[in-house]
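Shared between the two complexes below is chain A, which has chain B as its partner in the first and chain C in the second.
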Partner chain A sequence: MIRYLRLYLHFLRFSFSRAFEFRLDFYFRILMDCVYYSVHLAFFAIIFARAGVVGGWTLDQTYIFVCGFLVADAIHMTIFANNLWMLPVFINRGDLDYYLLRPVSSLFFVSVRDFAANSFVNLVIAAGLVAWAIARYPEPLGAVRIAIFAGFILLGAFLTYLSRMLFVIPVFWIHSSRGLEDLYYTIDNLAERPHQIFPRWIRWAILTALPLAFVSSVPSHVLFEGLTIERLAHATAVTLGLFAFVVFAWRRGLSAYSSASS
Partner chain B sequence: MIEVAKLSKSFFVHRKDPGFWGSVRSLVSREKVEKAAVNAVEFNVGEGEIVGLVGANGAGKTTLVKMLAGIVHPTSGDATVLGFRPWERDNRFRRQIALIMGQKAQLWWDLPAEDCFLLLREIYQIPESQFRASLDYLSGVLDVRDQLNIQIRRLSLGERMKMELMASLLHTPRVVFLDEPTIGLDLTAQRAIRDFILDYRVEHRPAMILTSHYMEDIERLCERILIMREGEIVYDGALRDVVERYARTKIVTAHLRKTGENVCADEQLAELGDVLECNEHLVRIKVPRTGVADAAATVLGRFPVADLSIEDEDVGSIVERIMQSKERMP
Partner chain C sequence: MSPRLFLHVFTIQSRKLMSYRADFWVSSVFAFLTELAIMYFLWRAIFAESGMDRIGGFSFEALILYYVAAILLGKLIRGNDRDVTVSTDIYEGSLTRYLLYPSSYFKFKYAEHVGTMIPSAIQLVIFGVLYLSLSGAPADVHVTPATVGMTVISVAVSNLLHFALLYPIQLVAFWADNVWSLNVMFRFACMMLGGLLLPLSMFPEWARPVLNVLPFRYLFDVPAMTLLGRHSVAEWMTGVAASLLWIAALGIATRLIWNRGTKSYTGVGI
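Our next item is the complex of A and B:
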């Protein structure tokens, strides 16, 4: 475990060195994500200008939900997104070869190798936004609940990564990734709304099969209503189940990996 | 160290009729064709041996090497490298092997090589003292000490290749796969890489498999070669035996004294064999091996010879003929 942590520190150092080299790109990406955050907050502000409650939540609760989503998204963008974007290319072009030679988990290597240093700045901004949303909440939420909320947001980012992997791994067999990527990004929109507004079967799907509700909707519920044993058990089962499935699918994918001819 | 038994790898490819309607038809149904990239190959490689793996493009060399490095799973057959099945990817196995691909980079493009080496030290858990000693030895032998802190993308192709070699050998692997390590390099860089590989072999005695399209790599580095043709090994033996067993001709070269005689007009010259070169100073003839003594005697008897040499056919040409031949090699 410590070894993997040390490896990750190397990845961090490399990524920051590289990001600082391309200054203009570094600042532009930060600006781009700030626009993205503003659009999200403005979207709900406009809705609440016409409706007092959405899915049982007030504007204050919705701000926490939206900012929670932005934090989870920033964590995903910082740690995993660059790696997952490149993975289909690596698989098809045979660039996985060197990863498979190393005496470390290839899944770890391909998933976290490229840390998006510019998104890390956005993560700080998103964390500031969620702190602002919690501070303006009219009732006291308590440090324990806020800590559990933060833990669930981290879990949400991890489950986003696992869900995304489900749409990348089939590239080992089907070789084209465009259709799968488009499908994922369509489904991924469900994470941007409170899960209680959806019909029952969609709710079930995003709480269990593809647990996008854990990105911010479930953490916000935990913050407002408290953590129950059932919810904790559900989160644990979903995380372990999905993780085991991704590891299994990755191994199957590697056995189908054909590399590329020289 | 490397034992391979009836190892095979097949890929499935789709066959599509040409043209637009062929594409439309392939949406509904397509013919799946099995292509054998490697077919029941068998060989062993021992410690300190450098085995050259040669074959035309598509002969299956790279697929074979990738199976032995644990990158690609075989379809059937078995192989062990250092006692491990490569495709099971045991970390103890991966710590002891290296694969260097001349056409693929492993180093981070925007970073200096030394930063990448530090990451590899962590990955392979190389003790600090061993790491420093390896780095010192490799950078010295390859003459790149001054380039260690320069970004990879700012290095020349030859320097990059040297860094790639260093990256692959820092952990002192016991088995090394070299897949076209000199491709695209100029002659000086090629020679430097070859010299380094020979030095490394003497120093560390690893088992090495080398694939290359440059016969000079093979001739300089390998005493034994495997020739692959359409996924099969058609020759496994000493490189020098290739000439003895498969050379059909020899080259007779006669340097002539100045006499003013027009030797090229002599009708008997063409009867000896293929005249490769003929002028007032020199005659070069390719003659069948069986007739080389007679040909030499005839040349000596008929022409004003100052010096005469008899050479074997170029080994590269023989290997090329074996690779392209449809016959089974005895």
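Our next item is the complex of A and C:
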């Protein structure tokens, strides 16, 4: 474990020094995410100017949901996203060899090697937004509930990573990543809306097989309604099940990988 | 650039995209259905909870048809913006070979961009006809041969306007190492201010004058509203004229950026 932590600290150092080599891109990316955050907040602000409730939630509750999503997204972008964008290229070019030869878990190495320093700045901004949304909430939410909400948002970011991996790993067999990428980024939009607006079969799908409701919708429910044993058991089962499946699929993928000719 | 060469580049690009058929069908069918389903269920909840018949001048059925039109026309207007490789050409130094061609680089890239419209045109016809034949047009929507004709012209102009907006952003690559984030930022702005996420009639009154002076509304909102018969001929003509003015202004700006950029271009690449 200590070895992994030390390795990760090295990744952080390399990533920050690389980010500052491309300063203009560094600032562009921060600006890009700020535009992304503005679009999300404006979308619901405009809707709430015309309707009082969406999916049973008020504007204050929806702001917490949206900002929670932005934090989970920023965590994913900071820790995992850059790595997963490049993974199909590594698989197809045979560059994965470099990762397989290291004396650490290849899944860990390919998933977290590139830490996005610019997205880290955005993570701070997104955290500020969620703090603002919680502060403007008209009723007291309590420190414990807020801490549980924060824990669930972290879990949401991890589940985003696992869900994304489900759409990257098939590249080992089908080689083209474009259709899968488009498909993921379309389905991923389900996480941007409260899950209670969807019919039962979509809700079931995003609460189990592809748990996008856990990115921010379920954490917001936990914040407003409290944590129950059923919800905790559900979240644990979904996370462990999906993690086990991703590890299994990764191993199967590696056995199909044939280096440069893959 | 001769029309023959334009057609040749256009054909190669559309063939290239259509060659990945599984990708094409996966992304087109699922992307369209998912995008539409999200909007459908969101607005269904809003209409049900608010108890209103009309929001922002739309009945629920008309609003869903607006999204069908905006999503499908939007694909046609944007083409495949990820395939606009101007910044990559500059960054990798492959622009050099284009500079040696006896043809305008802008026109060459635009021909490629138009080529990416073919898959979207197929999707528009299939899904548009399917949706209308299954659900029918709501009472407050009037799709006629005249609105279809006006929309075709709007789409052609809006496609050029979209490219004219995207092109100078890509040219920033003459000075910056990576303009991917600028492209994404542009995409977000287009979606929000162009009417892909919400019809512009939903925006508050104070925002309308701002939206009216920006070019984004001509990208998706104007063509979709024209198709649904919600714009008069005069409004449509004003929209087309304004788009052409924007294209001309952007053309001048692009020329200036190109002239300065090519002076600093070394052709070395990464």
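One rule holds in what follows: the second predicted complex is superposed on the first by the 260 of 262 C-alpha atoms of A that agree within 3 Å, B and C clash if a C-alpha of one lies under 4 Å from a C-alpha of the other, contacts with A are read in each partner's own complex, and residues count from 1 in each chain.
Everything that follows uses one rule, which is that a contact is a pair of C-beta atoms (placed from the backbone, for glycine too) under 8 Å apart; a residue touches a chain by one contact, two chains touch by 3 or more.
Please read these numbers as outputs of a predicted model, since none were measured by experiment.
J.: Just from the overlay, do chain B and chain C fit on chain A, or is there a clash?
T.: fit
J.: Looking at the overlay, what does A:I46 touch: chain B (first), chain C (second), both, or neither?
T.: The second partner, chain C, only.
J.: Could you tell me if A:Y98 is touching chain B, chain C, both of them or neither one (first, second, both, neither)?
T.: first
J.: Between chain B and chain C, what opening angle does the Cα centre of chain A see in the overlaid model, nearest 10 degrees?
T.: 90
J.: In the superposed model, which partner reaches more residues of chain A, chain B or chain C?
T.: Of chain B and chain C, more residues of chain A lie in contact with C.
J.: Contact-wise, after the overlay, does A:L24 reach chain B, chain C, both or neither (first, second, both, neither)?
T.: A:L24 sits against chain C, while chain B stays out of touch.
J.: In the superposed arrangement, which partner chain does A:L183 touch: chain B (first), chain C (second), both, or neither?
T.: second
J.: After superposition on the shared chain, which partner residues are touched by A:I202: those of chain B (first), chain C (second), both, or neither?
T.: After superposing on A, A:I202 lies in contact with chain C but is clear of chain B.
J.: Which value in Å is the smallest Cα separation between chain B and chain C when the structures are fitted on chain A?
T.: Chain B and chain C, overlaid via chain A, are at closest 8 Å apart by C-alpha.
J.: Going by the contact definition given at the top, which residues of chain A touch chain B in one complex and chain C in the other?
T.: Of chain A, no residue contacts chain B in one complex and chain C in the other.
J.: Tell me, which parts of chain A touch chain C in their complex?
T.: Those in contact with chain C are residues 22, 24-25, 28-29, 31-32, 35-36, 39, 42-43, 46-47, 49-56, 174, 176, 178-180, 182-183, 186-187, 189-190, 192-193, 196-199, 202.
J.: Under the touch definition given earlier, write down the residues of chain B that touch chain A in their complex.
T.: Going through chain B, the ones touching chain A are 11, 58, 62-63, 66, 69-73, 87, 89, 91-92, 94-95, 97-99, 101, 103-104, 106, 108, 110-111, 115, 118-119, 122-125, 179-180.
J.: Please give the residue numbers of chain A that touch chain B in the complex, ascending.
T.: Residues 3, 6-7, 10-11, 13-14, 17-18, 21, 94-98, 100-104, 106, 254-259, 261-262 of chain A touch chain B in their complex.
J.: Going by the contact rule set out above, which residues of chain C touch chain A in the complex?
T.: Against chain A, chain C makes touches at 20, 22-24, 26-27, 30-31, 34-35, 37-38, 41-42, 44-46, 49-50, 52, 55-56, 175-179, 181-182, 184-185, 188-189, 191-192, 197-198, 202-204.
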